[in-house]
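What follows is a structure written as structure tokens; I'll ask about it next.
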Amino acid sequence: MIFIDISRPPSDFLAKKRKGGKAGLWQSIALLLLALGIATIVGVAGVWVLQLFTPQVPVYVGLVFGLLALVLVLQYIAQRFEWIMPWYYLLPALIFLFTFTVFPVVLTIFLAFTDYAGIRNGELSVSTETAIVAVDGQQLTIDNARTLNCDALQGSRKGCNNVRAVVYASGRFATQGISLEDNILTVEPAPPAGRNVTAVELLLPDFGFRAQIPVTAVEGNRLTLGRSPPGEISLEDISLTLDRISIERRILSLEDNTLTINVPLPTDLEYVAIARYNDFGYIGAANFNTIIRQANRALWPVFRWNIIFAVSTIIINTIIGVFIAVLLNNPNLRFRNLYRTLLIVPWALPAIITIQVWRGFLNTNFGAINRVLALLDLPTLNWLGDPLYAKLAVLLVNLWLGLPFVMTATLGALSAIPKDIYEAVKIDGASAWQSFWGVTAPLLRTALIPITLTGFAFNFNNFNIIFLLTDGGPPVDWGTATARGTDILISWAYNESFRAQGGYAYGLGSAISILIFIITLGVSLVNFRVTGALKEESNT
Amino acid sequence: MMRLVPRFLGIISLLAVAAAAMAQSETTRFVTIPYGWLKFLIAFVLITGGIALAAYLYGRFTRPGKALQYAGTAATHMFIWLAILLTFYPVIYLLAVSLNRNNSITAALPTTGNVLFRSGVLPDPSKFSLIQYQTVLGETNLFWYQWVLIGVFILALVAMIALFVAQRGGFDPYRLERWRTYTGWVLFLSVGVLVLSITADQFYTINEAGERVRSSSERKIVLFIRNTLLVSGLTGIFAVLISTTAGYAFARMKFEGRYQTLLTFVFIQMFPGFMALVAIFFLMNALDLLNSYIGLILAYSGGAISFASWIFKGYLESISPSLEEAALVDGTTRWGAFWRIILPISIPMLLFIFLLQFIGTYSEFILANVLLTGEDKWTVGIALRSFTFNRFNTQWGLLAASAVLGSLPILAIFYSFQGALTGQHQAGGVKG
Amino acid sequence: MKKYLIILVTVLLTSGFALAQGITVWTHFGDADLEWLQNEATAFEAAFGVPVNIVRVDLGEIKQKMLLSAPEGEAADLIVPIPHDQIGEMAVGGVLADMTQFATSSYLADLSDQARLAFTFNNKLFGLPMYVEGPALIINTDLVPEVPQTFEDFIALAQANTTADTFGFLYDIGNFYFSYIWLRSNGGYVFDRDANGDLVPTALGVNNEGAVKGAELIKKFRYDYGLIPEGTDYGVADGLFIDGALGMIYNGPWAIANYRDAGLNIEVMPVPAAADGTEFSGFMGVQGVLMNEFSTNKVDAANFAKWLIRPDAQVSLAQLTGKIPSSNSAAAQVADDPVIAGFAAALANAEPMPNIPEMGNVWGPMGDSLTVILESPDSNVSEILDRAAAQILGN
């Protein structure tokens, strides 16, 4: 980093000492944005220029150009506005945060107001391709309007209003072969002039099917093949694949089998088919309306269980974790380091593995848990099949998973308590019980509050345990296919966005994500208020 | 103390009545010991009480003042062993399934043997075989130098353990420390070179016709472990690199907008990260980084920045700024103070951030699954998931064998750096 | 520092340049099937000089991955194979290539009607069928030497074999794919067809009288006949069958290779008809080769697709795993195989799963409703099925 002089004494960076302008937040941000803007332009231009020479250059090479430009611009800015220096320390983190967190969040918020989904992905839908029977200016008569499937679109696009479409001109050409020598295939009649031939289909009698061979060049009726056919070919019935001509238009309306398009088609081609795009776009608050409409079957029960889960898992884990930690903190206990090492195992093993073992364990008739219960002559439970017990199972497994963390953190906090306090209390004649409640507990409390709050935030969106243990199940009367007995908000959103039962409704999933974001923010604000974690910061 | 006993007995009898009422009348297929819970409880109480009593009596004779404490300690031991048993039960089962030749977790129960085996509480040892491990590892073809590296690694590991034992034995810790550093480097380098040298082409079999047939995904766990180590390691390093300067600026510098930026850092990470999956996918696509480790590492690091900066800031605030201030007075530059003073004293914290990121990334599978499409680039998380999300069934034996192998590196790392992991939780990790 | 930057630039520039060559194939095959595919790929490479890169993708993931990454050029050229019920969403999503042009008339003529219809969507062939599969009754003849002749017989045999150490009859009861047989045989259906023979997504038959009757029968398996206990899923049934502790299982040909490896003597047959004349047949699936619409190498992809559906290739796959070839001539060659004959008999009257995109919404709600129905002996079957139907329709 020889370019940048980050070597000023700290007093230079104090807000009151301003050189070369005002050191306000907005000025700093504006300068940084300017630098980033220039860097982006250089990066994009760099890639563009490189791709002129070698088209295969991947886009991320632009990052390197951008980085170089950024360093130079930043150096220049630093010379003029020295108070910007603290921001340079933040810049790498800021860039990353904005690129890989803020930008995706903004895009997700945008998607929440669209009907973007797996089958409305903005791509051309080949399956909607239907034959064109007649062309009359802007009016096209098509074979079957149901194939065009205009009802699958949503919002203002329903019924193919203003939806993009592609009109195809004929793309195959049947001919006969005359000879094949040195990969030069001569055919009669010759393919139409001005159309590109991409491949030729030849019958291979040896294999009993027609193989496609790429065509690299066409000269009249002589086609140069990309490779020699594997074995003998039959020269009869050769089919050429022509570069299909496709013309993009917009559908204005569809009535029965008559389409109206925005611009008439050129008249010199024979049109055979039309296909529409899976257009998606702005649908207002429709996704949120869907959530509200189903609130009693999804949002409310899921939200309620989400809160209950996060709160109770934290309480259970903390109580048991602190209990074991206090036991292990006894200096007279031999092997305490060994015990701690052994008890930490669930933390060290990848959860994706252990949770699935638990899933097998909890099987009603064939799982180890019920076998143990039965062996002890205790009632067995339908762990994963009953909504209540499934919730219990989630809490149980999360205890197993989360205990090491609470235990370790508590042990750390306990070891920070000076030993002489205990000595002093002991001299005063306090019993072990009294010294625990009088000394350990209050000191632990201050250390535990942040641990429990982090734990709450983590467990509130603990996708793994739900997804891998119960997969949201069991199904319940009140639920939907995507929001079931133990689903929490995030697994519900995942089911909507990325699973078949939700129809890959990314837009709806994004809307739920925004709700989760707002709820998490609210909960965290309460947390910060309770703990005062950010209070001292606000004074600066 | 004495008054507690009747109350305790009362609770037990209540439990007995409740359990009897709840016990199912219908016949089940479970092996049951009548009143097993009562027997177990009595046995546990008797054993614990017996040991405690023995300890108490032992204490009476040796140090009468400490007798009660002895009894309490003995009971604590018993309790902790019970907790360890419960903790390890799934782990033992995982091992057993990986040794089961039938690839299933819910197999038929043996009809003979100890009641624990007959009831399925403990895995049936008669079905043990190493076939699953053979399947999973059998098609890994290592070059000779990779075998050498493995040999070096094992030697260094043995040396490390020997040094550890020697330290316990009371050797001079300073001289040992030097040797430990050397061995540590040998360990690190041998694993590093091994990770970099393994390629996807080394996984194949030769079929009857003498052609190389590439292995299927169940047989490439070594490759997936290698991929994961690479991705997790680089992600950890990236997270550390990017977050340290930011944490430093937050902790030690005063500037307009510091509080606002800090708030942005804290709040932006509350967005449920992987729900922006589609957006990240498009971003990576725009950068041509789909199906590449660079893309995955960038995405992981991006998600780690705010947390890591926050931790590092907390850590720096907990240590006194006097050292740097002295250096600054001596004319060291700001960057110099950061580079030469702050970073060296923060190594434990940096290690902690690295490890946290490493462990967090190791078994991640959602983002990896979307960004990596080529099988040769799979990470352990994707591979393990692919065993269970098969069409109908889970190949439990292969899953468990792969899982055991996949856990080994993370277990090793976890326990090697246990001190760094547990010690730092206080330092900064939990502040706010 | 500058030196490092230069190195970084070089590394970045060179690392992305590996040019795509050959074709990439996504498959959910494992074990014996995968071996077959790899051997075919090797043979294809020898004949055509085109390397084939085979990548495992879980069946449950293929749809989502195709919809998301195919338009960005990140998906495979071919999917080998996929059950036909999965194609609807991908076809509508525009990621599947219309393969009508690759199916020659001789190939189509040799194809069974069910197989061809299964992959036909909007009058276009979106895949080349490879084989037909579906569940049948698989019997461990060491435990159940006499095969059942009637449904009542079958229940009695199953009950007789349900002892302290063994089970008589188990299957993945909570899975609609398997349990559909009981609904359908009593008059239930998923989607009705209109006059043209096209499926109508709004005409549901999952909650009609027959479906309710079938679901009641499913409940009887657990509560009246005492056959299939709580917690039975695919893994449990399959694992017990392999261990030789299960007499009869309702399962498909994909499991046959494992059963043979375990040294079991098996017999495959349809679920026998009831005394009142009710015949039982459920879903069948046709698995075929799909092509990515965004493939950059459709020419070679089409060749490999055709290579895989050669009758020879179908026969070798059938012999390996008991799958019924979709081509009539190949099917005739393996008709003597008792396992294939058993599956063929069981699937003779089976219904191809609907392939319209709406089918994707059916599995979740129907699986859920089966679970709820089985929860207690007095669950209200018709109410639960009505709710499932409402969910499928999106209300």
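The chains carry the letters A, B and C, assigned in the order they are written, with residues numbered from 1 in each.
Here is the rule we use: a residue touches a chain if its C-beta (ideal position, glycine included) is under 8 Å from a C-beta of that chain, and two chains touch if they have at least 3 such contacts.
These figures come from a predicted structure and were not determined experimentally.
Colleague: Mind listing the chains that sit against chain A and also against chain C?
Modeller: B
Colleague: Across the interfaces B-C and A-B, which one involves more C-beta pairs in contact?
Modeller: Between the chain pairs B-C and A-B, A-B carries more contacts.
Colleague: Please identify which chain has its centre, taken as the mean of its CA atoms, farthest from the centre of chain A.
Modeller: C
Colleague: Need the CA-centroid distance for the pair chain A / chain C, whole Å please.
Modeller: It comes to 29 Å between the two C-alpha centres.
Colleague: Using the average of all C-alpha atoms in each chain as its centre, how far is it in Å between chain B and chain C?
Modeller: The mean C-alpha positions of chain B and chain C differ by 37 Å.
Colleague: For chain A and chain B, what's the span in angstrom between their mean Cα positions?
Modeller: Centre-to-centre distance between chain A and chain B: 25 Å.
Colleague: What are the residues of chain C that contact at least two other chains?
Modeller: Touching at least two other chains: 16, 60, 68, 229, 236.
Colleague: Residues touching two or more other chains, restricted to chain A: which are they?
Modeller: 1, 58, 60, 63, 363, 365-367, 498
Colleague: Counting only residues that touch at least two other chains, what does the list for chain B look like?
Modeller: In chain B, the residues touching two or more other chains are 29, 105-106, 278, 288, 294, 385, 394, 396.
Colleague: Using the touch definition from the top, list the residues of chain A that touch chain C in their complex.
Modeller: 1-2, 56-58, 60-61, 63-64, 68, 118-119, 121, 123-130, 144, 146-147, 149, 152, 172, 198-199, 207-214, 227, 230-231, 277-278, 363-367, 382, 384-386, 473-477, 479-482, 484, 498-501, 503-504
Colleague: Under the definition above, what is the set of chain B residues touching chain A in their complex?
Modeller: By the definition above, chain B touches chain A via 19, 22-24, 28-38, 40, 69, 73, 76-77, 79-80, 83-84, 86-91, 93-94, 97, 105-106, 115-116, 119-121, 241-243, 245-246, 248-250, 252-280, 282-283, 286-289, 294, 298-299, 301-303, 305-306, 309, 328, 333-336, 359, 362-363, 365-366, 380-381, 384-385, 388, 394, 396, 399-400, 403, 406-407, 410-411, 414-415, 418, 421-423, 425-426, 430-432.
Colleague: For the complex, which residues does chain C have touching chain B?
Modeller: 15-16, 28, 30-31, 34-35, 38-39, 42, 54-56, 58-61, 65, 68-69, 72, 74-75, 164-166, 172, 175, 229, 234-236, 238-240, 242-245, 254, 258, 262
Colleague: Given the complex with chain C, which residues does chain B contribute to the contact?
Modeller: 29, 102-109, 111, 207, 209, 211, 213-214, 216-218, 278, 281, 285, 288, 290-292, 294, 369-370, 373-375, 385-386, 389-396
Colleague: Which residues of chain C touch chain A once you look at their complex with the stated criterion?
Modeller: 1, 5, 8-9, 12-13, 16-17, 19, 47-49, 60, 63-64, 67-68, 71, 89, 91-98, 101, 104, 107, 121-124, 126, 198, 229-233, 236, 293, 298-300, 302-303, 306-307, 310-311, 357, 360-361, 363-365, 367-369, 371-372, 375, 387, 391
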